[in-house]
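Read from first to last, the chains carry the letters A, B and C; within each, the first residue is number 1.
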Amino acid sequence: MKISGSPHVHSDESTKKIMWRVNLALVPMLLTGIAYFGLNALLISIVSVACCCLFQWLIEKFILKTPSTVCDGSAVVTGLLLAFNVPATADMIWLVAIGALVAIGVGKMTFGGLGKNPFNPALVGRVFMLISFPVQMTTWPTVGKWFPMSIDTVSGPTPLGIIKEGLSHEGATIQSVIDANNLPSLTEIFLGHMGGSLGEVSAIAILIGAIYLLCRKVITWHIPVAFIGTAFIFSGILWLADPTMYIDPVTTILTGGIMLGACFMATDMVTSPMAKSGQLIFGVGCGLLTIIIRNWGAYPEGVSFAILLMNSVTPLINRWCKPKRFAC
Amino acid sequence: MKTFKMGGVHPEENKISTNAAIEQMPLPKQVAVLMNQHLGAPATPIVAKGDKVKVGQLIAEAQAFMCANIHSPVSGTVNKIDVCKDMVGLPKTAIYIDVEGDEWMETIDRTPDIKRDCSLEPKEIVAKLKEMGIVGLGGATFPAHIKYSVPEGKKAEYLIINAAECEPYLTSDHRVMMEHAEEICIGVSILRKALGVPNAYIGIESNKPEPIRVMSEMAKNFEGIIVEPLVVKYPQGAEKQLINSITGRKVPSGKLPIDVGCVVSNIGTTFAVYEAIQKNKPLIENILTVTGKKLPSQHNYQCRIGITYNDIIKHALGELPSNTGKVISGGTMMGKAISNLDAPTTKGASSVLVMDESESRRRPESNCIRCGKCMNACPMGLEPYLFSALVKNNRIEEAQSHNILDCIECGCCFFSCPANKPLTDEIRLGKAKVRAMMAAKK
Amino acid sequence: MILTAVLVLGLIGVIFAIVLYFVAQKFKVLEDPLIDEIAEVLPGANCGGCGKAGCRAMAEAFVKQGNMDGLKCPAGGEEVAKKVAELLGCTPEVSDPMVAVVRCNGSCGNAVSKNNFDGLADCAFANSVYAGESGCTFGCLGLGNCVKACQFGALSMDPETGLPVVDEEKCTACGACVKTCPRGIIELRKKGIKNRRVYVACRNKEKGAVARKWCSAACIGCGKCEKTCPFGAIKVENNLAYIDFNLCRLCRKCVAECPTGAIHAVNFPPLPPKKEPADSTAVKEPIETKAPETAKEPVNINPTY
C-alpha cells in the first residue's frame, strides 16, 4: 500500500495545463499577425516555435541529460512570444532561429530550465536580436492589403519610430510629424492596422487572449492594470505638460509592445513577483521605465528593456512584499 | 453566508455516504485499547492481566494534567497489557481485552429516552467530562475538561460548534446531526452552561442543506443556539478559520481561541457530552464513515473504540478490493495513511477511506514555476514555496522568522501546486526542525 | 587626447589606492596569524564534525585554548592532528581511526516491503509518517539523508539493497551521518586492524519473533553470540546484541553462531568453506588492503568522539 503525508488529493492543476492555456491565449495574436503580415508571420512563428522546442530537447538530452520537458508547452510559449516580438520580414524567418537559441539556451536552460530563469526567455532572445541585428530588427513591413501572401513586403517604420525620428528634427512637433507622415488613426491602431512587430499590433487580439487568461486564473489583473495604468498616467502627465512634444496617452498604450508586454510577458509567472502588492509594484515599475525609455532613451520602444529590468529586481520585491499574514 | 477571508481551496466534495444511516458494528473478538488516544501524556492502566471488565468500566486513569481517562469499550477479560503498533506502525502501549458477552456497567442509562434537564453546576459538568474521558472528536483529541475550564482572567463569549465537516468524503457529522439533533442541542446547552456563554453558534457548510434544516428546526426549541450556514470552502472547519468565519475575530499567532473569547467544539463531541452527562456513558464509541469512490457500498458505523481497522473493513466490505492503493483514516486533506491495518481505532478516528491505485498515486514533481498559487491558497497567509526552499537548504531560523509554526497543515498548498511539489510534507519537516531547534536552545 | 585619458585614469587610480590604503589601515582587524595557519591545515570541508560552526571556528578554538585537549577534528584524523599539534606546540591526542558503519540489514531481499512511501524523499519526514517499508520501526528508511549529509562523498545508496554503503577510503568519521539519521542506524566504530570489523547489522529491539516478521536477517536477541564470545565483548539488551568494538578481538566466532546472519564481518579473508553459510557477507565484501599501517596493535584506548 502507498503511504504519504496528507493531503491525499490534488487539484487537477498542472504546469502543463497552465502553459497550454497561455498558448491558446496567444492564438488570436497569431491569427491577426497572419492577417496583416501574411505568409511571413506564419513562417516566422513556425520556425521560432520549432527551434525553441528543438533546442530545449537537444539541451536536455545531450547537455543536462534529464528527461525531456518539451511537452509541458513552455518552449512553445517562448517560441510564440519571440515570434510575436520581431518584425514580420523575410529576413526574420532565419534570424529568429538565432533568437530562439539565445532565448532557450541562454535565457532558460542555463539556469536549470522552466521555473529557474530570472529573466523572461523570449525577451532575452528578443533583446539579443535587437542589439545584434539592429537594422533587421527595426525594419518593419508596411501593412497594406489583408492577407498579403508574398514574402517580400515593402518596409516602413512603426508609428513610434516615425514620431521619434520626426521629433529629432529641429522645430518639429507631434502634430507636424503626424501631418507629414500620414499616421494611422486610433481605430486603425486599435485593430492593429499599422507597422510593428508580428504579434503586438492588434490590441483587440491581445485583449481577447488576456481576458481568457484572467478567466482561467492563469494571470491576475494586477500586473497588466498597473503596467498599462502607469504608462497611461505618466504619459498623460507629460502630454498635458507639453502636447507638442509628447504623444497622447491613448496612442502611447496602444502602439508598440505595451499591450503585449503587459498582458503576456510581464505576467510570466516565473519572472514576476508572487504577492499581489509586489505585482502592483512590478507593474508600476514596468510602466514608468517604458515611458522613460520611449521618451528619453535611444530606442523608440522600451517595453522589453523595462520588463527585463523589473525581472532583475523581482527577487527583491518578493523578499520585501509579503502576503498579509493571518491575524497580523 | 459567512466564510473566512483568506485563502482556501475547494476540493471535490465526494460526500457519497451521506444517505447511509448509522449502523451498529458487531463486537469483535478482541479489542486493543491504546493508552494515548488523546493529545498529551498517555493514561496509566489500572487493570491487570486476567481482570474481568464491563463495558464502560474505567481501565486507565489520567494522571498527568494533559491526559484523559480511558474506559473499557467491551466486556470481557484483560488478555495482556503489551506493545501495540498504531496505524502508522509505531509501537504504543495498549490493553488487550478478550470480548465475552456485552455486559454494561449498571450506572449507564441505556434506555432510548431523551433526558432533557441537567441540574449540574458548571464545575460539576467539567468534572464529569473528565471522569467520562471525553476528548475533542474533531481530530486533535484535545481533552475536553481542560478546554471547558476557562483559565482565570479570561472570559468565554462565544461557544462555536464545528459542524462544517469541510473534509471531502467524511459524513459522520452529517449523519449524527440527522439522527441525533435533539441530543446534540441538549449537549450544546450543557456546554453553554459549563462556559456561561449567552449564545452558541453551530457552523454548518451549506453543502449539507438537510442537517441545516433539521438543526435549525431543533434549535428553535432551545435558548441561545444559532445555526450558521457557511460557504463551502476548505478549511472551513479549521479552528482559527471557523472562529474568523463566525465571529470575524482572528486568533493571533501562538494564541488559543480562548484568548479571543471563543471556545470551539466539534459536533461529535457535543453528542458525546450529552451521553456522558445525561446518560453516564463514557467515550467508548465513535461514528466512522467507511467510504471510497470505487467501493461497492458506503457505510456509517457506530463502532466500539479499539476494534481494528481490519475488523471494520471485513465487516463492511468483506475484504479490501485488490487494487487498493491507500487506506486513510480521516479525510483526504488531513487524514493519515494507514500502514498497519491491524491497528486499533482510537477516540479520534472518523473514517476509513479506501482509495484505489490510480487515485492514490502522486503525480511526478517538477520545478516550481513561482505561480504563487500556494500562497494564495494558504488560509494563514504564509509562503509555502519559500518554506520549501528554506527547509531544503536547512535554513531553519529563517523559516521560523517567516512564521512557519503558524502553518495549520491543512494541505491547501500541496493541493493547489501545479508542479506537484510536496509542500505540506516539507513544511511539516520544517516545523519539526524548528521545534527541535527551539528545544535545543532552551 | 590619449595623454589626457591616461593621466585622468592614472590619477583616479592613485586616489583610489590612497583611499583604500587608509581605509584598510583604519579597519584592520588584529588577528592571531596562527588561526590562518591552522585553518589552512584543517580539511576545509566545514562538516561540523568537531561541533564547531566550521573549520575556521575550529581553528579559532584551537588558538584560544592553546592546546588540543577536548578538541578533535574527526574528519582530518591523525595527520591533521599532528600538523595542528606542531603549529600549537603541543602533543596530539592519540585515538583510533574510526569509520561509519551502517547497522541495518533490511535490504530489499531480507525485509520484504509491504508499504510504498510516496512523498517527500526525506528520512526524517518519512520517519514521522510511517514505520518503514517492511514495517520494521528500527530499520533504514532508504531515502538517503545520510548521503546528503556526507560532505566527503563517502556514502551512496546501493540500488540493489536500498541501504547506504560507506566508502571506507573516503569516510573521515566526522559523524555528520550519525547525527542526521533519524533512526540512529549509523555508528562510528573503530576502523580495526586492516579495516576488519565485526558488528551487529541490526537495531531492532523488538522480541525475536516480531523482529523476524519484518526482516529475515534481524537480530532476534537469542543471546548465542553473547555466550560464544570469549572476550565478553557482546551484550544483549532489549532483545538486541551489541558488540563493544574496544573489547572485540575479531575472532569471528559470533559470526558463525548467529542464526539470522545479523552479525557482519567485513574485510576478512574468506573463511574455510566448511563454515561458509553463516559468513556469506564477508565473502561478498571487497577485501581492503590499504589499511593504515600505524594501527598495528589492538589498543584499548577509549575513543574520544
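Everything that follows uses one rule, which is that a contact is a pair of C-beta atoms (placed from the backbone, for glycine too) under 8 Å apart; a residue touches a chain by one contact, two chains touch by 3 or more.
A quick note: this is a predicted structure, and the numbers were derived from the prediction, not measured.
If you compare B-C with A-C, the chain pair joined by more contacting C-beta pairs is B-C. The most central chain, judged by the distance from its Cα centroid to the centroid of all protein Cα atoms shown, is B.
For the pair subunit A and subunit C, the distance between mean C-alpha positions equals 54 Å.
The distance from the centre of subunit B to the centre of subunit C, with each centre set as the mean of the Cα atoms, comes to 43 Å.
Multi-chain contact residues, meaning those touching two or more other chains, occur in subunit A at positions 1-5.
Chain contacts: subunit C has residues 114-115, 118-120, 125, 129-130 touching two or more partner chains. Contact of a single residue of subunit B with at least two other chains is seen at positions 336-337, 339, 360-362, 422, 425, 428. Within the complex, the subunit C residues that touch subunit A are 114-120, 125, 129-130.
Within the complex formed with subunit B, the subunit A residues making contact are 1-11, 13-15, 17-18, 69, 72, 112-116, 269-270, 272, 274-275, 322-328.
Here subunit B touches subunit A in the complex through residues 6, 9, 11-12, 168, 240, 244, 250-253, 324-328, 330, 332-339, 355, 359-363, 366-373, 375-376, 378-383, 385, 402-403, 406, 409, 411, 414-420, 422, 424-425, 428, going by the rule given at the top.
Of all residues in subunit B, those touching subunit C in their complex are 83, 85, 88-91, 336-337, 339-340, 360-362, 422, 425-426, 428-429, 432-433. Of all residues in subunit A, those touching subunit C in their complex are 1-5.
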